[in-house]
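Worksheet for the structure shown next.
When the chains are written out, they are named A, B, C, D, E, F, G and H in that same order, and each has its own residue count from 1.
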Amino acid sequence: MTQNKIQVFINGKKKLLEKNKNLTEVLKLLKITKNGIAIEINSAVVPKSQYVNTFIKDNDRIEIVQFIGGG
Amino acid sequence: MSIEKEDKIIIANKEFSSRLIVGTGKFPNYEINRKSLEASEAEIVTVAIRRVNLTDKNQPKLTDYINPKKYTFLPNTAGCFNAVEALRTLKLAKELGGWNLVKLEVLADEKTLYPNMIETINAAEKLVAEGFEVMAYCNDDPVLCKVLEDAGCCAIMPLGAPIGSGLGILNPLNIKLIIEQSDLPVILDAGLGTASDASLAMELGCDAVLVNSAIAEASNPILMAKSFKNAVIAGRQCFISGRMRKKNYADASSPMNNLLTEK
Amino acid sequence: MSIEKEDKIIIANKEFSSRLIVGTGKFPNYEINRKSLEASEAEIVTVAIRRVNLTDKNQPKLTDYINPKKYTFLPNTAGCFNAVEALRTLKLAKELGGWNLVKLEVLADEKTLYPNMIETINAAEKLVAEGFEVMAYCNDDPVLCKVLEDAGCCAIMPLGAPIGSGLGILNPLNIKLIIEQSDLPVILDAGLGTASDASLAMELGCDAVLVNSAIAEASNPILMAKSFKNAVIAGRQCFISGRMRKKNYADASSPMNNLLTEK
Amino acid sequence: MTQNKIQVFINGKKKLLEKNKNLTEVLKLLKITKNGIAIEINSAVVPKSQYVNTFIKDNDRIEIVQFIGGG
Amino acid sequence: MSIEKEDKIIIANKEFSSRLIVGTGKFPNYEINRKSLEASEAEIVTVAIRRVNLTDKNQPKLTDYINPKKYTFLPNTAGCFNAVEALRTLKLAKELGGWNLVKLEVLADEKTLYPNMIETINAAEKLVAEGFEVMAYCNDDPVLCKVLEDAGCCAIMPLGAPIGSGLGILNPLNIKLIIEQSDLPVILDAGLGTASDASLAMELGCDAVLVNSAIAEASNPILMAKSFKNAVIAGRQCFISGRMRKKNYADASSPMNNLLTEK
Amino acid sequence: MSIEKEDKIIIANKEFSSRLIVGTGKFPNYEINRKSLEASEAEIVTVAIRRVNLTDKNQPKLTDYINPKKYTFLPNTAGCFNAVEALRTLKLAKELGGWNLVKLEVLADEKTLYPNMIETINAAEKLVAEGFEVMAYCNDDPVLCKVLEDAGCCAIMPLGAPIGSGLGILNPLNIKLIIEQSDLPVILDAGLGTASDASLAMELGCDAVLVNSAIAEASNPILMAKSFKNAVIAGRQCFISGRMRKKNYADASSPMNNLLTEK
Amino acid sequence: MTQNKIQVFINGKKKLLEKNKNLTEVLKLLKITKNGIAIEINSAVVPKSQYVNTFIKDNDRIEIVQFIGGG
Amino acid sequence: MTQNKIQVFINGKKKLLEKNKNLTEVLKLLKITKNGIAIEINSAVVPKSQYVNTFIKDNDRIEIVQFIGGG
């Protein structure tokens, strides 16, 4: 894989990202707005307040979730 | 002064007027879901946590139709098969809306969707320790329901029949035993198919019922939601009123004396 | 625009909004009877014809509590064991209030209070010939119910269980067969004990139910009357809504995909 | 039985009455008001309008009924 | 000295050891019919009267497989819809084998195959007058069963459920009421589907049961015939033995004292 | 060549012809117990372990009436409320007769006598590790029954209803689910009250049933033992024969063509 | 229809027969043996003993029946 | 308690015994025959073969059990 790229898993799918991106940037990239979602990296929840300070590392497993209908 | 006015149910120190909790799964669409929910006059709705769809972001969002400010959202752990998954899921739910009140549901297999009671108890203890208010989906074994109660859950949710089966209450005696022993609200969860099923649950002494498929899969979900609203009220009133004694023979409703034909 | 508004029942060309008919027997007193009747929101009440008490004329009178102008009185022939007695009784009822709409009830014995169907059919023919509108209490045999229909009755009133037993609907299949074949209103009469019994009757497709003992003998008759009011509405709405299909296995209410834990 | 009396049955009970009494008089005698009742003599209903013209005969079986609670 | 030895059933003054009557319809063929009949150890078989096939005279004949000398043939009037047809049919049956003992069956319609009770009573009176011993298929209305008894029938045969439905006994209370009132053998006819259905019928106090479809339509009719034989014996023994009282709570089978762990 | 001959049940590699296991509690005396046991034709009997009575040594001894050489004794742990007690009890049982085959029964409370499933699983693992062949009394939760199976038990013994209640099988669906999933013999334990209950258990597919109170508390225990023997055979044969399909409408047993009355 | 023939109904089916035939002859014609059957003519049973003396008339409705399997 | 006595519990009941008695002697004392019983001392089973070598100590908890009827 090229020098300046990292590989991560977002909602189970493999993705290549630039190095040194924080969560806020990743969301912008994915065109996903902050509200109505929650994020977990490597099974640990990341509070919204920390998105900007949370930098994605190689092989991070990112989960972005929301509420849907359920019984 | 009507009974409904006063007869509130208290779950985790929160007071609710409606004894009908409605699930939000399986509806034809969120619009019908919203209208059915309004018709049901429920105050609590269960919701699931799932991955955002990254490829199609324009899909309708539950929260655009059902307002978390207006309804008490009860995040569930449907789809979790062990304590770890349940805990992860509910921590995300907490982050999503700051909810502490959750529905724990640790399933054993996809055929029955019966709870794995050992993992459920295990998860309940962890969740309570983390400060969650846990409403626990469980089987109808009074013994294990008591264990959940002792583990610090805030409501016991025994199943009447397999989730989505619409078979009603398969073992009313067990439900009765659970109610007799329990100091917590007992909420019949899973299996109800008709209004009379819901009414029966309340007549047995359940504090509330949770209904999803029976409403969502009805030909007319909105009217069915009304039906369940009324059935739950009817059953609750019947329970409080104290039913007549069953008799094996007839007992005339009209006096059998002072008849024309008497000598 | 709710279904209740429109969903009227028509008996002998008269339209009624309530599908709950209430009996006036067995209440602790006429005052509780009156209040329960109001709570039930019923429009039709059954009444019996009996000799005036000559020795004590100060006994309370039904009509002082329940106003025949406000409610449709349905005189019954309870206590009659043959057609002749029934005919005599209803002619007096007609003289009493000019009623043509009557409940025919020809009993076979005091143990079961089951109808004597042969005498009932016989009486029905005579009453129809005399210009009465006959609602007939009958057993749950579809064949004989059809005979009553052909005899010109205006409503079929099959029993669910012995009068005053509170055992519910002993043979739902027969009730269903009667409903399927009938062009008349089918009103479940006798045996209902709880809200869920009434709801079930309506879910089977009954057009209305008649309840007496279950309300009158409840610890709290007034609240029980409300319970039955709501149960009948719930059952009717459930019938119209089209219930979900029963399944022998589970069917998840929450989607089993897009889980956190999927690869 | 005395010359000027007749014996009748009212609601199944034997009673002695003066001869030539009509129903209205009998009701007065029994202190029963017309409204809320119906009357049958020998199994035939007597309309209220006919009370005054209906004279009681020896051995008449009179039934005076009302509505009561019933299922 | 076992109960079976002595516990005979008497119908029309004839004594029978077996309380299982078997129908001969619907079997894959007469050979399986014969073997099933032997396996059932029944002594009475019902048979129908039908036109001889004039075009194909080589069709197998029932009597070539089931010997009228070995079994008591009970000719039925299945397919008759009024008294006249029933009478004609049974006169031919009498000519066929000199039988007086007959099963009267006057049907109302092909959908339910329920009896037309009015025509049945009517026919029963005529047949009794003609010297027949009438076993009458009837509904489960105790009142009309009593009328049949008074008409001089020699056995009452109430239905448990529609003929050939296999639904079991839909209204056990009515069957119980019929048994309580009756001085004649009460034989449950129609609707039984399984061994436990037959056993339950006998536990209710029936004197015998008639089974056809449940045996003939089983995957293995011969073994099913044995099953019903044993079920009827089991149910009869259970009825005579006097069942334990039902309790709503547990009652230990092993003593709860003298435990190791007692102080 | 009859099915009974071949249709053996295998428990812990031992073959048995009878599918009826009989308890030895609650009988009026050991003599009636012995005679009932003979009448039942059972091969396995459950027995309890209790302290010898030191003050009155002349009390009758079970083993003087029921010969451990003739019957397979199945020592139970009735009265044990945790794994430690159960283990102690069964080690004594082993010393008593060298038995490895045991019935594990860890109770939760005296009101329901329901099993404490967590302690039962716990004890099962310890007993299996100690080389016992464990037949486990359990609730009717398929999930936990599977855990017991995985723990190495040799038979699953779900309850039909509370011990000694005689209420029958409260949740047939769960019993069916347990049977479908299980590679072990499933033996219905507890709650059976009548022959038809036992027959139904076998029709559901149970491999055997355990009966105690229903026989011991019958007015005539010896005849009731015969009744259950026959009921179990009937139910087993019915299960193997493959029951007819249920229908909601009638299906004539006699052909409806070639009638006299046809044109 | 020809002079010397009559029309009858046997088990519902129209048939032409010679005149002056008795039941025994008719059975022979139909190749049906006496045993295991019963016969009705115009809704009246004919005893076996009378077959030979029973002559078929024009328009007779003859029913020949037997036992078959039935519930 | 006197020098040469020990206190034990047999089936939960307090008993005084001579010192240095083995199980066989205790059974004789209790007039209980070996067959059809099993014995546990302080929650440990004692095989029949070991009765004679098993000497009762002060405060021993002895359980003597048998089979009885049970479900």
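Assume a contact is a pair of C-beta atoms (placed from the backbone, for glycine too) under 8 Å apart; a residue touches a chain by one contact, two chains touch by 3 or more.
Predicted model only: the values in this text are computed from it and were never measured.
Go through the assembly and pull out the chains touching chain C as well as chain D.
Chains that touch both chain C and chain D, as defined above, are B.
Where are there more C-beta contacts: E-H or E-G?
Taking the two pairs in turn, the one with more contacts turns out to be E-G.
Just going by residue numbers, which of E-H, C-D or E-G has an interface where over half the contact pairs are the same as at F-G?
More than half of its contact pairs match F-G, so it is E-H.
Would you kindly tell me how far, in whole Å, the mean C-alpha position of chain H lies from that of chain F?
One centre to the other, that is 35 Å.
Please work out the Cα centroid separation of chain D and chain H, and write it as a whole number of Å.
Taking the average C-alpha coordinate of chain D and of chain H, the gap between them is 95 Å.
Roughly how many whole angstrom separate the Cα centroids of chain A and chain F?
That gives a centre separation of 57 Å.
Which residue numbers or ranges of chain G touch two or more of the other chains?
11-12, 40, 63, 65, 68-71
For chain F, which residues are shared contacts with two or more other chains?
Where chain F meets two or more other chains at a single residue, that happens at 23, 25-26, 46, 48-51, 76, 78, 88, 92, 112, 114, 162-164, 167, 173, 212-213, 248, 252-255, 258, 260, 262.
All pairs of touching chains, please: list them by chain label.
By the stated definition, chains touch in these pairs: A-B, A-C, B-C, B-D, B-F, C-D, C-E, E-F, E-G, E-H, F-G, F-H.
Could you pull out which chain G residues touch chain F in their complex?
On the chain G side, the touching residues are 11-12, 40, 63, 65, 68-71.
Would you mind writing out the residues of chain E in touch with chain H in their complex?
So the residues of chain E touching chain H come out as 252-255, 258, 260, 262-263.
Applying the document's contact rule, which stretches of chain F touch chain E when the two form their complex?
Going through chain F, the ones touching chain E are 2-3, 23, 25-26, 46, 48-51, 53, 76, 78-80, 85, 88-89, 92, 110-114, 162-167, 193-200, 203, 212-214, 216-221, 223-224, 226-231, 233-235, 237-238, 240-262.
Show me the residue ranges of chain E that touch chain C in the complex, using the header's touch definition.
On the chain E side, the touching residues are 108-109, 112, 114-118, 121, 139, 141-144, 146-147, 161-162, 167, 170-171, 173-174, 177.
In the complex, go through chain D and note every residue touching chain C.
10-13, 30-32, 36-40, 43, 45, 47-48, 63-71
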